[in-house]
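A, B, C and D label the chains in the order they appear, each numbered from 1.
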């Protein structure tokens, strides 16, 4: 089915994400907008700050390798069974990127506070870790509901990304996008100032009017622009649509181990004529 | 389709809700388990405490009229366009029930704290209201993230219902229930110690294996027992299934205006042979 | 030009919603709902109406907390509240009269007022019964206060009060209502006689502006149809909808 | 009876999961995942295995926060963690070696450890490389501490540490590991030589108990098949699955 006329392209989305923006993105299997990620590299984006919800793989690594990021807040960047994330590791070791180490539920809590317009959310745990010791923006208070004795608890501040960016399974001509059970994408859209989405397929009909699709649909009040990008998560997976391209990921990890190899990879797969070959 | 053998009856659910239990229920259009409500009246339940999420109509009113409740925490009990809730009004005015007045988002916050295992959740607003003045269990602290000057904010304690009780559109033979976009029911199931559900229809297949149903499905890890109850929300509505029975609600309101009329109503519609006529 | 009281109020409210991007309307509110839909129609959708109870005119789907979350984020610009009692400082009482918790008359409860009154910039109070029973000097129970002391985070608050006799505007600096216009047939004396609180009044209080013809035409066609989904009897009996 | 190291470890872990109702297994964990599935099979589902990355053996569907919410409620009884470094007090480091934030070697990050180590009663540390590089006297960065002072809410914590040489149990009172059993071929001396922290050791340290025949049979049939969905190569190469 043809994309609605209101849809823009992945490159147009990239051009609407300004340098310096704080971008929230889902984890590897959550619907990663890789086509827009490549477009950000192509448009030579700079000083972006990435908030991974709560972890990332190739998306973060590629943006770091291409010099698009000045900062990353994350609970982990890894290529999973393909090994460590080469550009991430290099940049942190060389001190060329600011890293804000977090732990998964703390990142959800920061977004949930933003979703509610609350200044903070409490979270158990974390106390005594160097994660907490290195986060001046996280606070510890005494639980006011504790009975007898001190009961320290961490408060996470609300974090409102400038942009939520993800890839969804369906979009319709009314501006709805369907993420199914990927609640992280719903959270990201609710918590962020603006939301850009690529969709794999065009849904014939109104997703908000289909009782079965409704629970997994994000309505247009939260969505600023949609692009149609077939295989838009490639080489990562899209649930119930395609698996990740393990061979390609392996070759990426191998290439990215050196800056030269990474540059060659970009030439071939990002600047090349056909990215999603 | 026949109900799975693991299903029990609405009356069995009522018998598994012990006297004194704190029961969380959704609002009028959220899937109200009216058949179990009638069964609770039939089994002469006593000292139940009701937490309405966040408001209620006939369910709360009938339980109050029948003397099943000792306490209610609510943001509002009303029969909507059919007028005030007669048993609720009478019981509060006569002081025969303990009322814990709340405001809608505070009730969500109390459950969300329970869902996360957090001791509390912050919420803006409320300050200076008599709602807050009458809730010794709600606390006000100074927002630790405020820059310069005092910034009071309310903290709501986690509230964990003993029982979540609601009516859902579908149940399958694997113990899954489908509530579609009724996120309050998901929240209730997550936040409560146990969950009892009546379902309108039996779904042929596994709801967790249907990509389109997945986002609206509550898996069996949260569900303690399911009953099949056709028109189980009657005389209230079930989304995309049936409208509320306005004529019946009107006759209920009229009857419940006196204790005698209420007793007659119970005889006819709760103790009678065919409740959902 | 002939028009009904409902049409007058719909147009008056629509003027108050000027510039609001997101307008939310609660239950049992056909007149505010019609006004919100009117503004949505007039702005070509730039103003978005969210009618609680409507399947079509409600662009949300994420359950009960969503409205409050959006309000907390500053994403709801206008909302409507009523009150069993309303006093001169715009404190509203949706709970009970007399002593608490064992009152003389119990109302349903505070609903979302104790939150939305703080978070929504333009809260329009709508209470048709204009009597000293409703408009009191001091409410018996504050479901939500009309104003808050400095230091309390409060981007929202009361904007106007609409009754069957008149329209008041609320002065947030002085915590007082100011009479803004009379409804057809109502007099200043009648308003004073039936209002239990003190309010400001300009020297020459005039009538509420009549509905604009283009708005009236829209109300009779598209708006009547749209609101009929949620309030069929109102659309038929009050707006003459024959669909 | 012949068995492989993997089969031994699966059975050893399964014993540690006795009585756990909800067992969650994170990514890249085929051996813990097999153990969890084994316990699920042995208990007829009374113990429930939740394998991250599995479509079938994951009874949850509400997105990323759900695991942490459930753990916070006490609804997760056992979980597995690793560590780039682990020290004698069971502090774990998933972040980096050397100075922070510009380290010598950067690992992926703390993931959920700083939360789950506090909330899950039985956290089993699993780290096959048994070397002084991994098992250090003091970790360079504490992703999650092995113990907390009194007053810190902490229902969870470390339970055991499994390596390619041995199994340690953790003493929560003394914040120390105690050697519990040696893997086939490993000696106490070898463990001492390759462990950078001090640990307790009973006088007669014996081997880890051999797999029970009924468990071995299950592993070769049902468990191999079940784990093959998430870890096909592991099932094929390590458990001999030919499905």
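Simple rule for what comes next: contacts are C-beta pairs under 8 Å (C-beta built on N, C-alpha and C of every residue); 3 or more make two chains touch, one makes a residue touch a chain.
Values in this document were obtained by computation on a predicted structure and should not be read as measured data.
Common partners of chain B and chain C, by the touch rule above, are A. Of all chains, the one whose CA centroid is most distant from that of chain A is C.
C-beta contact counts were set side by side for A-C and A-D; A-D has more. If each chain is reduced to the centroid of its CA atoms, chain A and chain C end up 41 Å from each other.
For this pair, chain A with chain D, the centres built from the Cα atoms lie 29 Å apart. Chain A and chain B have centres, each the mean of its CA atoms, that are 36 Å apart. In whole angstrom, the spacing between the mean C-alpha positions of chain C and chain D is 59. Counting partners per residue, chain A has 116-118, 123-124, 143, 151, 153, 181, 183, 186, 214-215 as the residues that reach two or more other chains.
Among the residues of chain D, those in touch with two or more other chains are 61-62, 65, 68, 72, 119.
Of all possible chain pairings, those that touch are A-B, A-C, A-D, B-C, B-D. Note for the complex: chain A touches chain B at residues 116-124, 139, 141, 143-146, 151, 153, 155, 157, 179-181, 183, 211-216, 239-240. On the chain A side of its complex with chain C, the touching residues are 114-118, 186, 190, 208, 214-215, 217, 219-221. Within the complex formed with chain A, the residues of chain C that make contact are 22, 48, 59-62, 65, 68-69, 71-74, 119.
Those residues of chain A lying in contact with chain D across their complex are 27, 29-30, 53-55, 74-78, 80-81, 84-85, 88-89, 92-95, 98-99, 101-106, 108, 112, 123-134, 143, 149-153, 181-184, 186-187.
Within the complex formed with chain B, the chain C residues making contact are 27-28, 53, 61-66, 68, 72, 94-96, 100-119, 141-145, 148-149, 151-154.
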